[in-house]
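Down below are the structures I want you to see.
Two complexes, one shared chain (chain A), two partners (chain B, chain C).
After this line comes the complex of A and B, so read on.
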C-alpha cells in the first residue's frame, strides 16, 4: 500500500514535468500544425542557463530560474524567427517546418556539445530533495512534491492567460483558424512569437526539474519524445489532452518501475502510443468539434 | 466618366488592382470606388475573382500591382494594419471560431481596439441588430445554424468599428427567408453610418440592397452603374438574374 502511494506520487510528479513540456509542444502544434522537434532543445537551453547562473552567480534559484525561463523563451522565439518564419512566408506545406525543426534540434544539441561539452552535470543542490514522510506509511521526496506543485502553478498560470486575456483569446482563436485570426486584426507573427515564448519558458521549467532528476547533458532534450507521446495520447493540439496524457504516462512509467521492472518503462510508454494510435488515433481529447459549413 | 461620388467623398478606392495565384491571373486591373455612406455591390459568377478582391483589400493575398486607398491613405500590406486602418471583412463561408462562444467571437472582432471602452457599447449595438446572438451568447459558435453563423460573422466584423465593412457572399447557402432578414439588417447597419462593400453571386438581392454596383467577370470590371440601372439591364438580366422575373420593381430598394 505504501509503495503504491509512493509510486503514484512519483508518477504524478514525473507526469507533471512531462506536462510542462507537452503543453508547450501542443500549443505550437495547435497553431502551426507541425511537430516542433526543436522543442527538446528549448528544455536543454533552459537547463544550461540555470546551471550556468547557479555556478557563476551563486545559488539563488529564483534568479537562475527566472533567467532560465526568459532565456529559453527568447531562444524559442529566435528559433521561430530564423528557421520557421522564412518557410512559413513561402509555403503552407508544414512538412518543411517539421524538417527545419529536426535540423534546429541537432543545431541546438551540438551548440551545447561544443560550448559545454558532453559531460553529465549535476545542478547545485538548490532544489530540496530530502525525503518526506506521508502520515507514516509512504515516503516521497520534497523534490517530487515541488515539481508537482510547480507544474500546477505554471499550468494554472497558462490557463488563466489563455482564458482571461486578450492575447489568450486570440491564441485560442488562432488554434482553430490562424488565417481568420489574422483577419480580426491580430498580428499573426507576434502571436506566434508569444506562443513560442510561452512554449520555451514552460520547457525550461521542465528542463530544470529534469536536470535535477537525471542530471544535465546536451542530449537531455531527447526525453521530449515522452512528452510527444503524452501529447498524442491526450490528443495532438489539445492542452487538457497534453496534461492528462502526461499524467497517465508518468503514472504508467512509475508503476511499471515500481511493480514490474525499471527496464520495462519505455516499453510500456511506447506500447501505450501504439495502442492509442490503433484504438483512437485522435487521442483522448482529440479535436472533434463539428464544423457546420 | 463622371465622378461617381459627386458631392460625397470617396471613402474607399481600388486602383488598377492585379492579383495572381502563380500562373492564374485572378484580377487584372480592377478599379472601383465606394463613397462615404454608400452600399456598393460587386456581382459576378463563380471564379470571377470576388473573394480575391476582398482578400486583396484585406491584404490576405498579395497585391501584385495597384493600390487600395482609404480616405486618401493607401491601405498597408499587412492584414492587421488594414483592420486598424478601418476596414474589416465578414469572409466567405463565415469562418466563425467554432470552439469559441458567441461572445468570444465578437470580442475577437474587437481585438484591434484593445481595451477601448466603446467595445461594451458596441456589443450591445450588435446584439440590438441581431437579438438571436444575444440569446445564444454563451453557445459555441460551431453549434449555431448557418444563418446565425452569418449574423455572427457580420457582427464580429462590425466589432472592429470599421469605416468600411466588407462582406463576401453573406447569402451563401442560406434559405431565402434568412437572406431577407440579413439583408434587412445590412440596410439598417448602413443607415447607422457604416459604409458597405459587398460581393455576391446572388445578384438580385445585392442589387436591390445597394446604391451602386459593379459587374466582375474573369478578373475585370465589365459594367458599372446605379444598381437600379443594372437591375433593368437586359444583358445582366440574362447573365445574372436568371431570366429577369420581377426585375421591374426595383425603385423601392433604392431609398
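After this line comes the complex of A and C, so read on.
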C-alpha cells in the first residue's frame, strides 16, 4: 500500500514535468500545425543556463531559474525568427517546418556538445531532495512534491494567461484559425513569438526539474519524445489533453518501474502510443483529424 | 581498386537504396518519417539471424529481411496513416525507439546491446551494386507509373485526389510498405558489409540522416535523392577529421537548405529532364 502510494506520487510528479513540456509543444502545434522537434532543445538551453548561473555566480535558485526561463524563451523566439519565419512566409507546407525543426534540434544539441562537452552534470543542490514522510503511509522526496507544485503553478498561470488576457484570447482564436485571426487584426508574427516564448519558458521549467531528477547532458532533450507521446495520448493540439496525457504517462511509467521492471518503462510508453493510435487515434480530447471525404 | 574505395562505393550503394525508399515516402507521398532506421534494423537483424542461426543462404535471407520490415510497416501504417497531421512522424519515433529497446533487451535472440557479430561478409561490390541497380530500375519505373502519380497527387492535394477516386489512405500505406522494403534490404546489406550489427547503429540519428539526405537532394526527385546520398556520404568522409563539428554542420545545413532552397538541390525535377531541357522544343 505504501509503495503504491509512493509510486503514484512519483508518477504524478514525473507526469507534471512532462506536462510542462507537452503543453508548450501542443501550444505551438495548435497554432502552426507542425511538430516542433526543436522543443527538446529549449529544455536543454534552460537547464544549461540555470546550471551555468548557479555554478559561476552562485546566486539563489529563484534568480537562476528566472533567467533560465527568460533565456530559453528568447532562444525559442530566435529559433522561430531565424528558422521558421522565412519558411512560414514563403510556403504553407508544414513538412518544411518539420525538417527545419529537426535541423534546429541537432544544432542546439551539438552546440552544447561542443561548448559544454558531452559530460553528465549535476545541478548544485539548490532544490531540496530530503525525504518527506506522509502521515506514516509513504515516504517521498521533497523534490517530487516541489516539482508537482511548481508544475501546477505554471500551468495555472498559463491557463489564466490564455483565459483572462487579450493575447490569450488572440492565441485561442489563432488555434481555431490562424488566418482568420490575422484578418481580424491580430498581429500574427507577434502572436507566434509570444507562443514560442511561453513554450520555451515552460520547457525550461521542465528542463530544470529533469536535470535535477536525472542529470544534465546535451541529449536530455530526447526526453521530449515522451512529451510528444503524451500530447498524442491527450489529443494533438489540445492543452488539457496534453496535461492529462502527461499525467497518465508519468503514472504508467512509475508504476511499471515500481512493480514490473524499470527496463520495461519505455516499452510501456511506446505501446501506450500504439494502443492510443489503434483505439482512439484522436486522443482523449483531440479534434477529429481523420480524412473527411 | 583499393579496399577503401571499394568500401565507400558499397556504402554509397547501401545508402542510396535506403534513400530511395525514404524518398518515395517523404518526397513523393509527403509523409515525414523519423524512424526509418528501425526498418533497417529489422532487415539487418532478420538477415543476420536467418543466415547464422538457421543457415539460410544470404539472398533469400535479405528478401526475408525486407519482408519483415514491410509487415511491421503495415502494422504501424494502417492506424497512423489514416490520420492527417504528424501522427505518423511521432509514431515513427516511437516505433524506432521501441524496436531498438526490444533488440537491446531480447538477449536470447538478438544478443542484446553488445551487438551481433560474425555475419557472413556477403555484401561484396557486385552484390551491392547489382541489388542497387535492380532496385533503382524498379523505383524509377514505380514513380512514373500510375501508382507513383497517385502518390504525388495525394501529396499535393489529398482532397482533390480522393475526389478523383484514389484511396489516399491505402496509397500512403502501400508507399510506406515499399519504402520499408527498401530500407530493410539496405539494412540487411549493411549487416553483410560490416559483418557486425548493434542496436545503437539504428538510432534516431540514423533515421534523421536518412530523411536529411532526401531533403537535401530534393523532395520529389528520385535522382535528387541519389545525388544527395552521394554528396552527404562523400562529405561525411571528408569531414571525418573534424568529426566534432560534423553534426553541428549537418543540422545547420538542414535548416539553411529549408530556409534558402526548401526544394533541395534538384527540386522536384529529375536529372534526366534537366539534361534534356535545353534540347526540348518549345510547345
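Rule of thumb we're sticking to: the second predicted complex is superposed on the first by the 286 of 293 C-alpha atoms of A that agree within 3 Å, B and C clash if a C-alpha of one lies under 4 Å from a C-alpha of the other, contacts with A are read in each partner's own complex, and residues count from 1 in each chain.
We take it that a contact is a pair of C-beta atoms (placed from the backbone, for glycine too) under 8 Å apart; a residue touches a chain by one contact, two chains touch by 3 or more.
Since this is a predicted model, take the numbers as computed values, not measurements.
Student: Can A:166 be said to touch chain B (first), chain C (second), both, or neither?
Tutor: A:166: touches chain B, not chain C.
Student: A:183 contacts which: chain B (first), chain C (second), both, neither?
Tutor: Only chain B is touched by A:183; chain C is not.
Student: Please work out whether A:102 is in contact with chain B alone, chain C alone, both, or neither, and reply first, second, both or neither.
Tutor: second
Student: With the two structures laid over each other on chain A, which partner does A:266 touch: chain B (first), chain C (second), both, or neither?
Tutor: second
Student: Check the residue A:86 against both partner chains and state whether it touches chain B (first), chain C (second), both, or neither.
Tutor: second
Student: After the superposition on A, what does A:274 contact: first (chain B), second (chain C), both or neither?
Tutor: second
Student: Residues of chain A that sit at the chain B interface in one complex and at the chain C interface in the other, please.
Tutor: Overlap of chain B and chain C footprints on chain A: residues 289-291, 293.
Student: Mind pulling up the chain C residues that touch chain A in the complex?
Tutor: 26, 30, 32, 34, 76, 79-80, 82-87, 89-91, 93-95, 97-98, 101-102, 105, 158-159, 162-163, 168-169, 204, 208, 211-212, 215, 219, 244-245, 247-248, 250-255, 258-259, 262
Student: For chain A, which residues count as touching chain C in their complex?
Tutor: Touching chain C: residues 29, 33-35, 37, 82-83, 86-87, 90-91, 93, 95-100, 102-107, 109-111, 113-114, 222, 225, 228-229, 232, 236, 263, 266-267, 269-271, 273-274, 277-278, 281-282, 289-291, 293 of chain A.
Student: Which part of chain B faces chain A closely enough to touch in the complex?
Tutor: Residues 58, 60, 78-80, 83-84, 88-89, 91, 93, 95, 97-100, 104, 107-109, 111-112, 114-115, 140, 142-146, 149, 156, 160, 173.
Student: For chain A, which residues count as touching chain B in their complex?
Tutor: Answer in residue numbers: 166, 169-170, 172-173, 176-177, 179-188, 289-293.
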